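First chain A sits with chain B, and in the next complex the same chain sits with chain C.
Now for the complex of A and B:
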C-alpha cells in the first residue's frame, strides 16, 4: 500500500474529477478516467463502505459476481484516486460546491428509492419492497430493523425480474446453502426458522415478456427439495411461438416450458411458480385489519406481442392467501440536489449520452442516467460511455482545464467546518478486515457490520 | 462489448472454448498475488446451482498430444490493431487476452457469473459446436 502523504499538493495541474456515488457506476467511471494521465478522481459515497449494490444487492449465494470488488479495489487504491465515504452529497456538501472544486462532476448515485405499487393496503405489515428485503438480508444499515415475519406458508412476489427471483431463491434455499455466505446472521437465523413453503412470482404480462435471465431461472428449477408449480393455462400458445424467438429468449422460454412439464419432485416440501397476466389491485387485511393476509390480483390479457406487448384489464379478479408480500417492480432514482435537473416521470437525470442537460461540466453514469435496469455488465458499458464522453470533452477544450481546481483539499476543509469527516479507502479496508474476521469465527465469508456508527468507530480507530 | 467478435480462432479452440480450465500460472491475478481463489469455485459445493455450461474438469482430459497443440489466435482491438498470440488447446480466452495485455473486462474474474466478457461465434463455426445443455 503506497504512502499517500501530501496528496493535496501533488498533480496541481492535472484535471480533477469528482464522482458522486461509490457503487459499480462510480468505480467503473473512475477506472476509465484514471487512464488519462495526471487525472485525479475523487469518489464520494454516503455510506462509510463502498461498492453499492455489489455489496447490498447481489445475492449472498452469488459470490463470484462480487469478484468485481477486486477490480474496484485496485481503482480505490490507485494513487490518483481517493475515496471519501460517509459524505452525503446534497446534504453535507452541494453539487454546486463540488462543481466549484472540480473540473467535472459525475453523478453515479444510482436508485435508492422504490417504485410503489400504488394500491390500497400497500403499507400494511407484511408488505415489503424487494429493495428493503434484499437490503435486509444483505446488511444495508437502513434495513437492519426490518424483521420480516416469515411464519406464513405462502409468499407472493410481484415482479418477475432477477431481483424477484433472487428473493424467491433466498426464501426457499436450504439454510446449508446460505450459511457460509455473507448473508447477515440475523437474516440467516430468521430464514432457518422460516415457515414459508410456497412462493408465487407474479407478472402483469406473459411468459414471453418475463424480465429475468436464464441463469436465475435455472437456479430456481434446480433448487433442492422444491418443485415447480405453474399453471399450464398461462402457457397457451407459447410452444408454437418458440421457433420465431431470438435465441436468448428462446432458451429462457424452453427452460420455463421444461419446468412446467416436468414439475419436479412430488415429495418436495417446497414449491414455487410463476403466475402470469396478473396485476396487484389491493392488499387484503385480516379480520382485525392489522396485517396483510392476502392479495387481490386482476387478470389481464395481452395486446400485441413480444417485448412491447401490453397488459389490458379483463375485469376478472383473483384472491391469493399469503402472509408475505414483496413488491419487486423496480428501484427508482431520486433527486439529491435542487441544482441538478431531474426528470420525475422517468426518474432519471436528463442527459445526452451522459452529459447532463443544460449543465456544462456535469455528467452522469449508471442507473441515475438510464434508469434502474441491467446487470453489472450493462452498468460497466454505460460508465465507460460516460467516461469516454467526458474525456472527449476534456480533449475538445469543453472543460476549462487551464484553471486550477482545488479538488478534495477544498471539500475536505469545507466538510470539516460542517463536522463531517470522510472515511478513506484505507479506512474502509479496516472495516473490511473486521468483517472478514467476524465472519471467520462464524464460518462465513464475512459478517457485515450493520451499524454505521460501528463502521465509523472501526474506520477511524 | 463483443469481446470475441475479434477473436478468430482455430476450430479446435472454438470447440474447446466451452471447456474452461483455469490455468493459474497464466492468470495475472495469481501472478500479482491477488488471487482470491475465486476460480476454485468451479468445484465449490454449490456447483449444482452454477450455470457453467461445459465446465468440465474431467479426470480423463485431453491427451498429451492435444494439449501441446498450438492454436493461433488473433485479437483485433478497438482501433483495428491485430495482435497475434499463441495459445494452447484448453486455454481460457479471457486469461489469454490479459496475459497479452489486451484489455478485456471480466467482472467476475472468469467465474461464468456475470456476462461482462462474452463471445460471439460466427454462424459457420457455431454450427460445429455441440448443443448447449441446461445443467
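Now for the complex of A and C:
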C-alpha cells in the first residue's frame, strides 16, 4: 500500500485526527486515515469497550459478521492509532476542545436513540424498542435491567427489516442454538424459560416492499420446531408480479411465497408470520391499565408500486392480543454538542460528502452522516469516502497542518483535571480476555461483562 | 480436494448446517475468530503451497481506479486468498474473511470465464444479491477456487456505493434497504 506523506509539514509531527465513536464507522475511518504516512489517529469512545454495534447489535448467532473485529483490532493496535474508551464526548470533553487539540475531528458516533411509534400506550410495560431488546441480549450495559416479560404467548414486532427478523429469530430459536454463542447468560436463561410461541412481524406496506434480506428470511423459514403462519390474502397479485422483478427481490419474494404455500410442520410448537398492510395506532392495556395486553393496527392499502409505494389508510382497524410488543422501525441519532450543527428532521449531522456544514475541520462518517440504515459494508464504504475527503482537504491545504496540535496529550491532561481516565486498547484487551475466559467456563464464545465499573476495574488492574 | 475447495466446502456446509440448526460449535476445522483466525487459514495454504509449487496461476484485477493489478496464486486458492496473500490494494475487500456474511469480495467475470465456473450455491446467491452493481457474471471471490484453466483471467472489481451516489442506489440497486 502506498504510503503518502502530506507535504509542507515540520518533521516533528504529522496531522493529528480525532475520531468520536469507536464503532465500525470510527475504525474504518481510522484505517483509511492511517494510510497517510505520518498521521496519528485517536479514537474516543464512551464505553470502556470498542466496536459499537458489531458488539451490541449483530445477533449472537451471526458470529461471522463479527469477523470485522479482527481488522479493527489491527487498527487499534497500530502504532499511530490510540483508542480512548470511557470518554464521553459532549460531557467529559467538548467538541470545541477536541477541535483545538486536533487538526481534524470526525464524528462517527452513530445512532443511540430510536424512532418512536408515536402512539398512545407506547410507554406501557411490555413495549420495547428493538434497539433496547437487542441491547439486552447483546449485553449493552444500559439495557442490563430490561427484564422483558416473556411469559406471554404472542409477541408482535413492528417493522420488517433485518433487525426485526433478528429479534423474531432470537425469540423463537431453540436454546441449543444459542447456548454456545456470546448471548448474555441472563438473556439465555430468560429465553430458556420463555412462553413466547407466536411472533408476528408487522409492516405498513406489502410483500414487495419488505425491507429484510433473503439470508435472514431463510433463517426464519429453516428454524426448527416452527412453522410459518402467513395470510394468503396479503399475497394477492404477488405471483403475477414475480416475473418482472429484479433477481434479488424476485428470490426474496419467491422464498416468502414458498413459506406461505408450504407453511411447515403442523406439529411445530411455535409459529411466526408476516402481517402486511398494517400500521400500529394504539397499544392496548388490560382492564387495570397497568401493562400492554394487545395492539390496535390500522389496515392500509397500497398506492403505487415498487419501492416507492405508499401506505394509505382505509379506516379499518384490527386488534391483536399480545403481551410483548417490540418496535423495530429504526434507530435515531441525537445531537452530541451544541457546537455541532444537527438536522432534527433527518436526525443526522448536516454534511456535504462527510464535511460538516459550515464547520471547517469537522467531518462525519457512518450512521450519524447518512442515517441509520445499511450493513457494516455500507458503513465501511461510507467511512472510506469521508476519510478520502479529509485526506483531500489535507493535501489541498484546507486544514492548517503547519500548526502543531497537541492531540491526545492535551486531552488526556484535560480529562485528568475532570477526574476522567481513559481505557486504552491494551486495557480493552484485558477486558476481552476476561470475557473469553468467563465464556469458556460456560461453554460459550464469551460471557460479556454487563457492568461498566467491572469493566474499568479489570481494564485498570 | 484443494485446501481452498475444502475450506469453501466446510464453510458452505457450516452455513447449511446452521440453516438446518444443528448445534454448530464455534470451533471449526478452520477457526475464523480471534487472533490468527484468518492467518491460520493462510498457514494451511502455505503448507499446501509448498506441495503444489507447479500449479501456479496468475490473476489480473481491473481495480476501481482503472488500474490493472496482478496477483500470483496456486490452484485451489480462492480469489479472496489471492487478494489477501498478494496484499492487493482493493479497499474493503473480504470484510467477513470468506464466511459468506458480506458481499465485499464481489467480482465481475468475463462471460466466457464465468460459464466455466461451477454452480452458485443458494448461500452465495443470497449474499451476492446484496452486492452493488450486481451483474449476470458476478461471483463472490471467496467462493471461487482457482484452476489451471482460469490462469490469466481478468476480473473487474465493481464500484461500491459512495456518498455521491446515495440517491442512485435507490434507482439502480435492486436490493431492498437493509439494516
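Just so it is clear, the second predicted complex is superposed on the first by the 449 of 461 C-alpha atoms of A that agree within 3 Å, B and C clash if a C-alpha of one lies under 4 Å from a C-alpha of the other, contacts with A are read in each partner's own complex, and residues count from 1 in each chain.
Just so we're on the same page, a contact is a pair of C-beta atoms (placed from the backbone, for glycine too) under 8 Å apart; a residue touches a chain by one contact, two chains touch by 3 or more.
Given the structure is predicted, the values throughout are model-derived calculations rather than measurements.
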Side-by-side fit of chain B and chain C on chain A, or clash: clash
First (chain B), second (chain C), both or neither touched by A:426: neither
Which superposed partner A:71 touches (first chain B, second chain C, both, neither): both
Touched partner set for A:258, first chain B, second chain C, both or neither: first
Greater residue coverage of chain A in the superposed arrangement, chain B or chain C: C
Chain B versus chain C as contact partner of A:219, first or second or both or neither: both
Which of chain B and chain C A:174 touches, first, second, both or neither: second
Chain B versus chain C as contact partner of A:94, first or second or both or neither: neither
Partner chain in contact with A:63 - chain B first, chain C second, else both or neither: both
First, second, both or neither for A:376, with chain B first and chain C second: both
Residues of chain A contacting chain B in one complex and chain C in the other: 61-65, 67-68, 70-71, 177, 214-215, 218-219, 222-223, 251, 375-377, 380-381
Touching residues on chain A, where the partner in the complex is chain C: 1-2, 28, 32, 61-68, 70-71, 73, 161-163, 173-174, 176-177, 180-181, 209-215, 218-219, 222-224, 246-249, 251-252, 307, 330, 353-354, 370, 372-378, 380-382, 384-386, 436, 445
Chain C - residues contacting chain A, complex: 18-21, 23-26, 32-35, 37-38, 87, 89, 91-92, 95-97, 99-104, 122-123, 125-127, 129-130, 134, 160-164, 166, 170, 174-179
For the chain A and chain B complex, residues of the former touching the latter: 61-65, 67-68, 70-71, 177, 214-215, 218-219, 222-223, 251, 255, 258, 375-377, 380-381
Chain A partner contacts - residues on chain B that touch it in the complex: 1, 29, 34, 36, 38, 41, 46, 48-49, 51, 105, 107-109, 111-116, 132, 134
